[in-house]
Amino acid sequence: MMIKRFLPFGAALASFCLVSLTGQYAALFVQGWSFSSWLYPLLFTAALESSYFAAYFLTPQVPLLGRVLELSLFLSPLYFLSAGSKALAVESLLVGGAWLLARGYGRQFAEMEIKSAYLSDYPPSAINWEYESLESKGYGAGPAVEYFWRRFFAFGSGAVVLAIIAERSNFVLDSLTRVRLGVLTTGSLFCLLVLQTGAYLFRLQILWEYAQAKIQPGLSRIWLKSLSVFLVVALLAVNAAPVNYSPFSLEKIGPRLAGFLQRILEGPALKREAGSDFPAAAGGPGFLPPPSEAEPSWWIAVILLIYLLSAGGIVLIFFLILLGFLIVEFSKKELGGLRGLPKLAVRVFKALKRVWQKLTGAAWAEPEENVFSPRPAGVKEEFLFSRLRFSSWPEPRNIRAQFRRMVRLGRKKGVSFRADHTAGEYGFCLQKKLKEGKNNIALFIAGYHRVRYGRDRLGPNEQSKIMALGSDLIKEIKNLGKEE
Amino acid sequence: MALIKWQFLSMLALLAAFLFETRTAYNWAYLMLILFFGLRLFQRRLTEQIAVRRLTPQLSLFPGEQKEVVFQVENKSRLPFAWISGLDRIPTDLAGTRPKKGVFSLPGRSRVEVPALLTARQRGVYVLGPIEIFIGDFFGLSTQRFLVDDPQTVLVYPRIYNLEDLNLTSAAVIGPITAQKRIYPDPTKLAGVRPCQAGDPLRTLHWPATARTNSLQVKQFEHTVNVTCLLLLNLDRGDYESKKHHLQTELAVSTAASLSAALLRSGAALGFAANGVLTRRLAQEKINLTGSGPILRLRPRQGTAQLVQILTILAGIETQKKVGFETILAEQSRRKGSAAFLFLVIPKDSVEIVSRAEELVRNGYRVHIFVAGSKIRHPRLLHRPKEAPLQIFTAREKEGARL
Amino acid sequence: MIQLPISSVQKFGQKMKENISRVIVGKEMEIKILLAALLSGGHVLLEDVPGVGKTILARSLAISFGGTFSRIQCTPDLLPSDITGVSVYDQKLNDFVFRPGPVLAQIVLADEINRATPRTQSSLLEAMGEGQVTVDGVTYQLEQPFLVLATQNPIEYEGTFPLPEAQLDRFLVRLDLGYPSLEEEDRLLHRLQKKHPIHELTACTDPTQVAELQNAVTEVFVEDSVRDYIVRLVQSTRTHSQVRLGVSPRGSLFLLRASQAWAALSGRDFILPDDVKKMAVPVLAHRLRLKTRTELRGISAAGIIEELLAAVAVKAEPKIETDL
């Protein structure tokens, strides 16, 4: 499956979420304008059309007039739907924004495909690096599909800026708006990440196609399934992580910073005021002696600088320790290959660890190897069936029918009846699974053998005895896996 | 842009979150940290849980045969891998179709098998591998490349022809076996009767003759003979025509293989000697070579195991130019009684070789010379009676023999 | 003749097994196969490396059986007449007198049969196939039951003559004894420390009873689907890509008989596909001629039979769809 056909849809969805989020914030900032609900379908339609058109049909030969007409198709309804010129302007900007964002993505997909045409100049064996072939980069140069990463970062940062401005502006947000903003922010990030991975998969698919690789059927499906689990876990973790615990928040360091700045700018006046209003301070115990008038005012700047440097340094060390801890924990055996910031972080962390060990005299226990225990040979999920389904079957009338029922039930419990299996061999396989009926199965199979392969018929007593065994066994097979 | 830049931006995002204390900023920073630090580190850790192994046992093929080789990639962790690609490096002479890279997505605790088709075209000893594995994440942030060095040797035996396909008759190979070395009286071959002497076992009495002559007569049997043969292959590069070196070598080796198969199938004990060199890759194989020095020798034995040994040597043997074929022949004439039949497979019947062969015949050997692919220089030795101790034959591949 | 019930076959089997087990340690499966061969009137070829107890097993069976027993030590100079017998000129009678060979016994142990020349080996053919020998134009009927127990060393051993296909086909089963397990070998040493128990072994049955039991075994019921399974299994050996020569119709008949005997020894009067599977390798493997290339790859005939057992559908319950 080439994922390209789904990518413009993802791009449209991401553009829609981003522009809707911007629109929600705009409704807070622009006085007298509210985000109308009819804008949602319009934004989405504009984005969808733009991304698909760009991905499949847009070429340099499409005239400018055509593009203008395409955009006006979505802008013209605004004229009728908008209430006032201010609203028209904002809404036009939003629709235009969604259209342009989606267009950019769509164009990028088309370009990826165009670039891939260069690959046909190479023999398939030369296309052996999934990593660099499309962009002619060296191995390990940087992340693939960087266009999407740039946009991801830009839009994410933009959303953060808007959120900060909205919070700092002390807007009173009702709960509905909060939910809407939250959903749109999470949705935007989710869509951007899905788009990111989709673009990457598309790029890989192009490379694999030219390299004539043998692709596992259903690879995209498995990929997207695993990805969705990863994204849900990541977004949940991100939302559950603690916030607002910073010792260096603007609220905490802002007043001091402002005070210091003020002192720098208004130093002498302050001193005079201090001398007149608080005479005790001049020579009172417990106070620092005021600086003499002869001293220059640059010492304040020095203290400020020292403060800033130490604050920055502490923040930096804190980050390095945290990062070092994460690296050491996650990649114990690969520390030698680290470069740059991570290497520094590990060094700082290890130094701190050594100091701590010296101080406490305690050795830190090395974490145990992450060895996963093998999956117990239990019953797979797919073998769990509802009781209703089994109970709807009629009771087997004879021993052979009972055996057939056992085979059908056993198959659903993971004991398959192969073509080369004899009844005896199958009974042996079942025996390994059963607990109570271990002995009964041998007796039942012996009876079955007489019925199936023997010359003589069983007597009524014998038959009923074996059928009773069979019924018990069927019940036990039905209950297999339920206790587990 | 290098990844470090994105890591730096992640740190900035965290700084912004610390400064502005907004949930959105924190969420954004955490997401960036997960993507640009966590995911990469996690991926590296996960790759330790990947196991790659070959599933196909030791392989030996005949030219023209095809066989699928499989390697398995197993994800031992519970977490999924976005994609893994694997390619087994297969020598060109052995690749069936162009080897294709296998690409797959591996969920947790799962395994996948990657097959590749081998086609044996040319005899030789080939080594498969290493297996090249690429592992990537969902976002293209880190791709890791590994070479799994798990070499597997594949032997391609020389082509074995029916003797008719080499323009040879079975008589040329087995011939009328005359004894050079008697073992014991063969009870199936009655040579006649003779009067009974003291010590003759009673069971050898010939009763009809006893009745007829009215005196005890015992059966006289022909002695059974050892059918020990020795195949000598000349791989002195100087004896091969430089233009046809490859073709002639292959024909000589195939002739040796076909003769060995025919002889061992007929129940003879066959030894082997050649003045070639073995390819280094054959060192791991279990070959019971005897003696040391420049000549490769196998002790005469019967059965399939011996044929396997000879074919294994022939799969990895190459010509050399240090040891002449005359050395082998001279050595052979000194080893009297080690074999009754000598089969010489040579590229040309030079005067020296033929004179050495005549010397061997004088020492009691029967010598059949098979000239692989070139013109006979001693036509007098061609088409001789079956019993002639020295004969010469031309081994030429019949048209359509390979079909 | 009185038809014996199947339970008597099972009892016979247990009695024989207990008796032979006084000498042979372990190898219960091999002993049962041997008894199955005896009851289905077939001959047995024991093949393995020297020293694993082939001859002792054969001798134990022969003694336990209680009939006339003779032993032929095969050597390259053994004559056909050494086996079948020879007409000796009697000067008193002025005529030739037939002096019977060892083959005219009820149990014949041909030790190291592949050391004899092919012609000598072939002299056993008529006796094994038709239960008679012809010497100097006179045919002598062999006393029933007649069983040839032959032992042979693996063919790779030097100085051996592989048995011809025709002769191999006349053996009902071929058995590889294999080395004893650690525990078995320990028990073996303990048992043989003073005196070999074979010297104290006595007969536990008689030829008449065995003949009756052989008749009882032929009455074991064979359901159509099992017969069909045997036919399909044998057919598949003839179309296998790695086989040069498949199993002959005699092979399928022997497989049926051996399965019947196995079922009877297990106390059943009907055979199961499981019996066929049990007997398939001992009965069929030695009848296959593999292609040279297959042999060169070290693939054994037993391996091919096992592969076919896993490939040929049993059709245990035709109404059930089977899994792959």
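Order as written gives the chain letters A, B and C; numbering starts at 1 within each chain.
The rule is short, and it goes like this: a residue touches a chain if its C-beta (ideal position, glycine included) is under 8 Å from a C-beta of that chain, and two chains touch if they have at least 3 such contacts.
Please read these numbers as outputs of a predicted model, since none were measured by experiment.
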{"item": "Arrangement of touching chains [line / ring / star / complete / other]", "value": "complete"}
{"item": "Chain ID, smallest distance between chain and overall C-alpha centroids", "value": "B"}
{"item": "Intercentroid distance (Cα basis), chain B paired with chain A, Å", "value": "53"}
{"item": "Averaged-CA centre spacing for the pair chain C and chain A, given as whole angstrom", "value": "70"}
{"item": "Computed distance of Cα centres, chain C from chain B, in Å", "value": "38"}
{"item": "Numbers and ranges of chain C residues touching at least 2 other chains", "value": "none"}
{"item": "Of all residues in chain B, those that touch chain C in their complex", "value": "60, 62, 157, 160, 183-188, 203, 207-208, 210-211, 224, 261, 265, 267, 269, 301-305, 307-308, 311"}
{"item": "Chain C residues touching chain A - in the complex, by the definition given at the top", "value": "221, 223, 225-226, 268-274, 277, 309-317, 319-320, 322-324"}
{"item": "List of chain B residues in touch with chain A within their complex", "value": "1-9, 11, 13-28, 30-32, 34, 37-38, 41-42, 44-45, 48-49, 76-78, 80, 82-83, 85, 87, 98, 100-105, 107, 109, 112, 114, 132, 134, 136, 138-141, 143, 145"}
{"item": "Residues of chain A touching chain B in the complex", "value": "124-125, 128-131, 139, 141-146, 149, 153, 156-157, 159-160, 163-164, 167-168, 185, 189, 193, 196-197, 200, 203-204, 208, 211-216, 219, 222-223, 225-227, 229-230, 234-235, 237-239, 241, 243-244, 246, 248-251, 315, 319, 323, 326-327, 330-331, 333-334, 340-342, 370, 372, 375"}
{"item": "Chain C-touching residues of chain A, taken from the complex the two chains share", "value": "400, 403-404, 407-408, 411, 416-426, 449-450, 452-455"}
